[in-house]
Structure formats: C-alpha cells, structure tokens
Amino acid sequence: MNFASDNVTGVAPEIAQALTAAADGTAMPYGNDPWTAKLSKRLCEVFETEVEVFPVATGTAANALALWQCVPPFGAVICHEDSHINTDECGAPEMFTGGAKLVGLPGADGKMSPDAVDAAIRRTGFRPIHRVRPSVLSLTQATECGTVYGLDEIAALAEVARGHGLTVHMDGARFANALVSLGCSPADMTWRAGVDVLCLGATKNGAWAAEAVIFLRPGLAGDFAERRKRSGHLLSKSRFVSAQVLAYLEDDLWRRNAAHANAMARRLADGLAALPGVDPGAPPAANMVFPILPDGLREGLRARGALFLDWPAERPGKVRLVTSHATRADDVDAFLEAARALSDARA
Amino acid sequence: MNFASDNVTGVAPEIAQALTAAADGTAMPYGNDPWTAKLSKRLCEVFETEVEVFPVATGTAANALALWQCVPPFGAVICHEDSHINTDECGAPEMFTGGAKLVGLPGADGKMSPDAVDAAIRRTGFRPIHRVRPSVLSLTQATECGTVYGLDEIAALAEVARGHGLTVHMDGARFANALVSLGCSPADMTWRAGVDVLCLGATKNGAWAAEAVIFLRPGLAGDFAERRKRSGHLLSKSRFVSAQVLAYLEDDLWRRNAAHANAMARRLADGLAALPGVDPGAPPAANMVFPILPDGLREGLRARGALFLDWPAERPGKVRLVTSHATRADDVDAFLEAARALSDARA
Amino acid sequence: MNFASDNVTGVAPEIAQALTAAADGTAMPYGNDPWTAKLSKRLCEVFETEVEVFPVATGTAANALALWQCVPPFGAVICHEDSHINTDECGAPEMFTGGAKLVGLPGADGKMSPDAVDAAIRRTGFRPIHRVRPSVLSLTQATECGTVYGLDEIAALAEVARGHGLTVHMDGARFANALVSLGCSPADMTWRAGVDVLCLGATKNGAWAAEAVIFLRPGLAGDFAERRKRSGHLLSKSRFVSAQVLAYLEDDLWRRNAAHANAMARRLADGLAALPGVDPGAPPAANMVFPILPDGLREGLRARGALFLDWPAERPGKVRLVTSHATRADDVDAFLEAARALSDARA
Amino acid sequence: MNFASDNVTGVAPEIAQALTAAADGTAMPYGNDPWTAKLSKRLCEVFETEVEVFPVATGTAANALALWQCVPPFGAVICHEDSHINTDECGAPEMFTGGAKLVGLPGADGKMSPDAVDAAIRRTGFRPIHRVRPSVLSLTQATECGTVYGLDEIAALAEVARGHGLTVHMDGARFANALVSLGCSPADMTWRAGVDVLCLGATKNGAWAAEAVIFLRPGLAGDFAERRKRSGHLLSKSRFVSAQVLAYLEDDLWRRNAAHANAMARRLADGLAALPGVDPGAPPAANMVFPILPDGLREGLRARGALFLDWPAERPGKVRLVTSHATRADDVDAFLEAARALSDARA
C-alpha cells in the first residue's frame, strides 16, 4: 500500500527487457550509439515534427537544463508557485541558469490563468535592467495537483507568453498521464498548442531513470549539448537511457502504463468517496488523489502500513495518494478496506 | 523639482571637501590605506561594538555580497516581496550567491510580520534537500514604502529568524533616515535588536558612491574579503570610498542630511494634504511620500518639469516623491504651488 | 575490435542480474531505500573505516560535486594538466564550484610530482585575496596515461597538499584497474595514503551508470546531499545506482573485471611490441596502451574496423587503445593479426 | 618613494576639478545623465567609429563583465599565463562567466605569439562538447611585464583569433601608457588591428575609480547593460564615473599623464643602468621597470622608505617599480641617489 509517489516502483518489465537486450556488444559512447539515433527518429514520428532530443537520467536535470537553454542569467521564469521546479528541486533551475529568478504565481488546482501570467510578465519586466527579464513560461502537465490543463488552456497561456516574447516550457514528468486523460496526441498537447520545449518524463511511469528534453522549435536547442555535458548529465553509456525511452514508446507502453495508473487513481477516489467523513477531493484527472482524511484515519492507515504524504507537506489534513503503472488493484482495495474498517470503528 | 529619487543629487559639500583633502599623496591600495583603517575604528565607536567593515561603491554590491557571505547556494533569503533586493537589483543576490532563492512575502507598508516570516521559514524548509534551506532574513530600514520598523518590530522579526537559525541582514540604503526618524542609536537599531549584518548606505544621503558592509557579529565576515575582490568590488584606490564614509559620519553629517530630507518629505506631505482631490498617503516616517494624484494633476506637474515615478511602476495613480539632503524648501514649495494652481484650474 | 574506450561496452552480466532482482516491489525514493543503506554499510567494510557514500550516475558528476564540496568559489584545484577534470568535462568543475580555477600542472606519464605540486600551491596562493586560494589537490588513479601512482607516491603528494591545508581528491574512474595493478587494499590506496574523498567509478568497469562519491574523512561530506539534489544528480529511483555498485563489489567483481581488462591490455602491448616499426610505449600498468603506430598502419587498422583514438586528440601518431571487462582475447588477437598482416604488406 | 603600483596615487587635479564641477544639481541616475551621454559621443570621436560605452568603477569589473558578454559558460578565454585576469582578479572572470576556463599561455615579455595562440585554440577546442569552446582571445596592452605589443603584433594575434571565430578583448588598464609609447591613435591600437572590445583604464593614470568598457563592433554589446546592473557595477550616480573619464580625455590629459609616467620610468631605468651590480632589465616601453637588485640593495632601499614589489611575487630578486602621472622626478632621483649610496657602501 505504497502511495507515497509514482517513483517508489522499480522498472516496468518491457523496459527491463529492453535493457537486457542492450546489455551486450560495443557502441560508441556519449550519445553516438544506434539507440540514441533511433530514439531521435522515433520521437520525430511520435511528435509529428522535426524535434531535437536529449536524453537525461533525472527530471530535475531535464527541467533545469531546458530552462538554462532558454533563460539568461538575468531572466525570469514564470511558473506556478507550487510547481516542482519552484519547490522540489532544491533550486536546480536557479543553479543551472546562473541565478535566474523563478516567479511563482498562485492559482487554483495547480494551474495558472492567462490573466495572472500576463500580469506577472508585465510586472516583472516593467523596469528593464533593474528588474529581471521574463523569458520563459513553465507549465506542468499533469500539474502537481493532479489536474490537467485542457488544450485550450495551454494554447491560451502560450499565446500570452509568446505575445511577450517568452519561450514556453512544459514539465512533463507525468506527460503520459495527461495524454491519456485528454485522449489527444503528443503534438496537440505540445507544439500545436504553443509549447516550445518539453521535458518528457518516463521514470515515474515505468523507467529506471529516463527523461528526454525535446525541443519542438527549430534552432531552440542551441548549445544544449554542451550544457548537458558540462553539468554531468551526458551519460557515457547513453544507450542505457535511450533504450529505456525507446521501450517506453514501443507498442504504446507509455499510454498503457499511464492509463493503468489513472484508472487506479479513479478506483481509489471512488472508494474514498463512499467513506463517511472523508472528502475525496476533485475526481482525479491523472494519477493522484488529494483527499482530506480525518485525523484518526490517517494515523490508522499508516499504522496498517499505508504510505502517503501530507500535502501540503508542512500541514497535515489533506494527503496525497499517487498511483503508478505498478499499482495493483488489490493494493487499492486493501487500502480502501482498511479505511472502511477504521471508519466503522470510529463511528 | 526632481523628486524621482534620492540618488539624483551629486555629492554633499562636506564629502566633496574630504575627497579634495584625500586627493594627494600616495597610499597603499586595496584597502591597506589609513582612511580605511580609520573608518573601521570609527564604525566600532559608532556602533559601540567590534565590527568588521568592508566599503564598496554601490548598494546592490553591498547587499548581494553580504547575502553571498550568509546564504549557501542551496539556501533561501526571506524578504519582503517589494524589497529592493527582490525587485530592483536585476537578480544580483541570485547571481552572487550561486542561485539562492529569494522568498518574497507580502506585507502592508513594506513590512513583514513575525508570523508571516515564521510561516515562510517553516514552509520553505519543510522538506530538507528537496527544498532550499532558509538561511537569511533580510529587512529594509527604512522600507521601500517609506515606513520605518520600530525597534520592537525589528527585535520580534530577528527573534523568529534566529529561532530557526537564520542570519539577519538589514538593507540600510536609507539607514540614516530611519535612524533620525526613530531617534535611536545605530546599535539599538541593529545588533541590540538582533541584526547580524548591515549594509549602510551613504550614496542616497550625500555621498558619490559609498556603502559599507558592516558585520556586527564576530566571525560572520568569513571570506568576505575574497568575495569582494572576486566580484570586482574592491576598489584599488579604496581611500576614495573610505574617505566618503568618514566624512559622512563626521559631525553627524549623516544624521543632519537625513533629518533635512525627512523634514522636506513632511513639508511635501503636509502641503499635499491641503489639496483637494489628493490623497496624501500616510504621514512620511522617512524621506518618501506616496500620494495618489488625480490623472490630470500628474501630467500637469510633469509638464511643468516635476520629476517623480509612478509607484508601483507598472500602474499609474499612486506616485513616489523622494526628498534628499539636497532638496531645497523652495523646490518643495514650487511643487506644491504648481499643484495648487493645477488643482484650482481643474476645480 | 573496439578499443576506443572502456565505456563502449554495455553492462556486466552480474550487474544486469542485480538490476533484474531489484526491478520489482516498492521502495522509498531519493536514497531512502534498502539498497542504498546496504551500500553505505558495505563500503565502510570495503574501506575499513567509516565513510559517507553518495551514489551518482556519471563520473563527471561525481568529480564536479566532490570538488564543489571541497573548494570555495574563490579557490583553486591543483591537478595534472591532462586530467579528465581539466580537459574532458566541459568545465563541469568550474560550473559546479561557482568558478573555481583548475591549475593544471605538466608531469611525465600523467603524474604530478610533489615538488611541482608544492611550487604550484605556493605560486597560486601567494597573494591572498588577489589570487585564488589553493584548496584541493586532485589525483587520477589510474591516470589518463594508463599509469598508476604507487602508494608512496600518493602519500608524498598528499603530504604536500595537507601541509598547505588542501583536501586530497582522487578521481577513481579506473580505481579498480589501479587496485589490482598495485595489489593493495582500497584503504591503502586512499585514506591510509592521505586521500580525503574518492570518486569510485564502476561505469567503465562493468556498470551501466554508477559512481560513488566516498568521503573518507569525518565531517567532510558537509552539505553534499543538497548539492547532489540541486544539480539533478539525486536519482529518484536510487536503488538503481546502489544495486549496481553493490553487485560491483560482490564476490570481488570489480577486481575480477579490472584484472581481465588489465590482462587484455598487456596482451595487446606484448603483441604490438613484436611488430616491426611499432613503438609499443611503456608496459601498461592498467587497461590502456599508448603505442605509436606508423601512418599507414593506423589507417589500415581503421579500414578493417578497428576503433581507437588519436592521443593526444589533436595530433595523430600516438594512439590510445583501451581494454575493458568485456574485451575478448579473440578481439585482441584479431587486432594484432590485422596489424601484423598490414606490417608485412608494408615491409 | 612609492613605486609599488600606479594605483597608490590619489586623483589628478583636472579630474578632481571635474568632479567638483559635477557636484551640484540633479540628474537622472543609472546612466541617464548628461555626462554619460556626452562621454558616449566623445568616445565615438576618440575612437573614430561608433562604439558602445559602459563606465564602471574597477578594472576587474570591466574585464570580467566584458568577458562575460563574450564567452559562454562552457567557453574558454585564451590569455597570457601572467595576465591580470588570470592571476590577480581572484577568479572574477570565472565567476562572472559562470565558470568559463582561462587558458594561460607562456610567452616571453608578457606577450603571446600567434603560433602559441593558434595551437592553444586548436588544442582546447579539439573535442567539442567534451572540451570547452575557445571563445575569446584576451590581450593586455601595455602588458603586465611593462612591454607593449606593436600594431602588427596585435593584428597578427587578432587574425589568428578571428580565423577561429574568437572575439578579441583588450585589457587596457594601462592603455594610455601604450598609446603614447607607440605614438599611434586609439583606433589604430584597437579595432583597426582587430580588437573587438576594450577595457579602457583611467584609474591607474589619474582617476579615482573609472574604467570604460568599449565595444568596438556593432551588436557585440548585447545584454551588457543587464550584466552590469546585475553585478552591482551600475552606479546610481553614474555622472561620477562619466565625469572622470570625460576629464581624462579632455585636452589629452590621458596622453599627458601617461607620457609623464613613461618618462619617469625611463629616468628610473637609466639611473639604475648606471649602478654597479644592478641589472636594469629591458628599457621600459611603458611605466614599469623590472630590474634585478642585489639582496642587500633591496632591503636597504626598503629601509629608507622605498616601496616596491618583488616580481614574481613569490620569488625575490627581480622587483617591479611602477611610475605614474603623479610620480615626481625628485622622488625618482631620491630613489636613485639612495641606491647609489647603498651600492657605494657595499662596494
């Protein structure tokens, strides 16, 4: 009953097999291998346009490197105040960019509104030279609140950003979960809606350690290759990351894994909704549920071995339950059963 | 009628004379000169304790270097959202510190409350390693809103900060204006209230380019000398800065200049209060007035040569009028006279 | 016949099996997993002292992070001019440290002498504040020239460094190759000889992507955990790296793999020595051979599919041949056979 | 008898007067003042081309900011190993650039040769992505050895640099001393010979604290304004720096001051050449003499109050004697007289 995060899992069988298949034989290092070449080609197909692809091993690296490419040291990144880049990467974006500023905006359900973004850009950039220069708008899809921006919402935000000359970045740590939630294509959810660079996560959805920074606009990648190497994020045995992402895309594994995770979240939410005294929160659009559990219930579930985080972290009451490709329906049901038993005992 | 800022002036006569007196003769460079030695001694007397002093030429340098000394790259500085370090230094603190995060808090009158600071520290530092580490609380005295923290307010904020292990920094760009406003001693307004490091400004109050970073706690200065040199802020002819600050402190020039500036602000505010349709704002505690001037009045005054800024910068209505050591009562009166004439014409 | 590097291989079977075994089940992320805990314990045994261990995925990350921990931004790292940190990491140490300076020293066979190190420290640190502060001595073991420092050589260098207050760092990308070459213990080759922090490489000797930063002196690790997270080098599924290193140490796999690689290098060198017109270079101490091959021979071998690099990179003549845990004797023999045939044809 | 440096002086009378003249009245801050506008125009005339000018207060700031503008974090600056940027700025270029690498080349008389520069660029840039990218060639004119590059030497170096796509930077801390030494125009010594950006020093030649970063190629200045502000090097009362540089250029003050300093150096050198046991070094081209003084003589002169530095700093024998605009012939003669007396006493 580990719902602490979607990174508590190991690796999906299909990806493990791909690594086994890639284990033998020699290949040139540092991205000059056939797997990486194939991955670049594959992602052009998947995204229906010419993209430039840079695999890395962590989501923090993907985000921070992508932002470094797109924001000058004296620039600013507009983002949600609860975004992962703003609260959970120990300042990696600030480090890589040479000290760019993250301007965190409030917004319900983990989403920013176009008006709030417009106002923030105007306010931040008002006195050039004295104030930092707004350079990037960063969206998270699915959001840290488990919600999903609709295609029109993305387009509206991107339009505001582009109108002010900003680049649009998408943190796609849970990209596949949003993709199956919207039932759209990767192209629709990114460049067709105005996204310029995507950090496509695979780790949370079945890989060991695999993310891909994908530049969706020609020329935008710039000196990314140097930045990746310089930050220690170019793996010598790059086939290791590329093989994971290839397997992730093969036979729609990414969509299948995400669909399962999302379904498990709905199963959890539905079960919680039936419990007395539990506020199940909004129906989950992706693979996270944020119910409010009564005091005794949280402790009781934890005493029975359930793992989940208080959310927001510093204030108990609301909790976060995350499902994954590896979550079993049995585990969900056991959790709900325990919750039911505890609730009955309390009644 | 230039009320755009207190840095639109040249240099106070007493400081100009001190520079003339220091113009001839040789002295060892890089701070190894008699003026700098004398300044260190003088500031120990002025602050009634052993202090370590590092003169620099700009306020941005003073703040950014002081923060660099006190916050690790993976740390955070808690400050008011409208503080100069957060909005007007083009990210200098982020640059010098290697990308530390500034956590800007809202707060009426440019002031933070102890509760808000406490909550921000708890929230920011909740998940060590993932979140940045709260390391410094930065206060501005007088504030960017022209208000002044009382001694008990400073002490209450510092107590919260120290309780969490943070260092307390004071941006004293308008330190003297606050000092005469409170009528207290420099020691009272700093280390006796819990301030660890002060950036003492002289530029806005009569110097050409002179600020002093003053460490008020033994050992805190650490490697500051290297940081200052490495950032290009160690002047070879250091006597130039030290002589300014010495003259600034001599015969209470700093207090006299600040008292004049503050009096001119009150004269302005009193005059504005008598005008119909003008909201004069709160009575000024230091040398800034923030009235709301009707639309036609702003334009009319500007057409007559008055200079002042919209404040906040991106939204006209409220304006900022700043007085200085060099502001003449005649100029204030001319401004008020023009405003009166324009108001009468509009009525 | 790929002798381009020891990172052209995939993964050793034992390590692949360990990953398969770790593929299932949940575990807390970010290093809070049983594999990582076990690894820390295991490395204390292997190094016969209390060590602090931080697994990462690349050697560049390991080196740059370790140096960041030990050198201030205004500091200097003394190293060989041909060291990997100085020539092959795209300035990663400079980036992570906030711009510390690498002082590269010449030295035969990729080794520095104690006298050269002493002189460099004295020269670099002569004018404090104006010059950067010598803070770390970095050794590579085995060196980039395929040589190995003897235990007394390491001790002599470390003694000089410590006498000036420097920390001693060892880049152990090929640590195991040196270990079997000297036939000593890990403790002998590190802390007993004065090394404070080791970057232990596994990637070049059989892992996918696994290095461990090992602090051998209490207290030295400091804020390393924050630095690793902030740079994107803390893997969420940390078990993935830890499991590799555990398997690497199990049943002396690291020594066995290295012993094989070293033996293949000797086989290569011996074979080359028998060829007319070939200068085989010094007998290899580890897993690299640096022969001088006549012009036609290089091209001929490459035409037959052999892969190897010119060394130094910008000047053909001398080449570098690297063997690995996966190099087959057949491949070595085929290479030698081809060389012999080409030489005969030229004669 | 202070020959320690040309920054041991105060300020030239003409510059002091200019500051007095600028002391009163209001002007907009941060470079939006009439002095700065006039300076930009004046420097276009002086350099006979459209230039972009950014005054700052220190030479270290000028150099580090100019390099930051021209080199990416993953880039390299080719320079003389004894250049000020490499040895005397505590790593400021590395800090500002985000960790670019300075590649220091040996070279007689403080000069680099075109061949050495060509080889260094080829060697440094050989393995793109892995090695840092050579981006800037930095020359010092006059050099740290008191020599002066001839116009053809500058042109030859610049040609090599440009052939590889590098920008050419000139550290002109003693620009005027070289100018009068060569008897050429500022345009000849800079852009006509291939220099792209000049750091023009005034501090060592009569100003308090005034340097100008001058971009000699359209478009090269880029975001320099933001960089200057962000590093704390934009003075609020910018008129203070601009007025100094204006006075410095007025009536050829810069040339007159430099001519005097150079003449004093020749007087010193000529006098030393007449002393037994003294190697006067090469005849000075600018304002520095590097004689070898016997052991007793150095101590004796210092005992009589003479100030000068051992050069190189860590090894006594050779010393550096620097003259300036303020050096009096009497002082030179007194020094020579003392040396003569000491030599006679020793004989």
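Residue numbering begins at 1 within each chain, and the chains themselves are lettered A, B, C and D in the order written.
In this text, a contact is a pair of C-beta atoms (placed from the backbone, for glycine too) under 8 Å apart; a residue touches a chain by one contact, two chains touch by 3 or more.
This one's a predicted model, so the numbers in the text were calculated from it and none came from an experiment.
> Any chance you could check whether A-D or B-D wins on number of contacting C-beta pairs?
The greater number of contacts lies at B-D.
> How many degrees of rotation carry the C-alpha atoms of subunit B onto those of subunit C, rounded to the nearest 5?
Best-fit rotation on C-alpha atoms: 180 degrees.
> With centres defined as the mean C-alpha position, give me the subunit A-subunit D separation in Å.
Taking the mean C-alpha position of each chain, the two centres sit 51 Å apart.
> Distance between subunit C and subunit D based on Cα centroids, please, to the nearest Å.
42
> Can you compute the centre-to-centre distance for subunit B and subunit D, using the mean CA position of each chain? Integer Å is fine.
34
> Hunt down the residues of subunit C that sit against at least two other chains at once, touch-wise.
In subunit C, 73-74, 89-91, 95-96, 98, 129-130, 226, 229-230, 234 touch at least two other chains.
> Taking the touch rule as given, give the residues of subunit A at its contact with subunit B in the complex, in rising order.
Counting only subunit A, the residues touching subunit B are 73-74, 87-91, 94-102, 122-123, 126-127, 129-132, 312-314.
> With touch defined as at the start, can you tell me which subunit C residues reach subunit B in the complex?
30, 72-74, 98, 128-130, 133, 223, 225-227, 229-230, 234
> Mind pulling up the subunit D residues that touch subunit B in the complex?
2, 4-5, 7-11, 13, 16, 19-20, 22-29, 56-62, 64-65, 89-92, 95-96, 203-204, 208-209, 226, 229-237, 239-240, 307, 326
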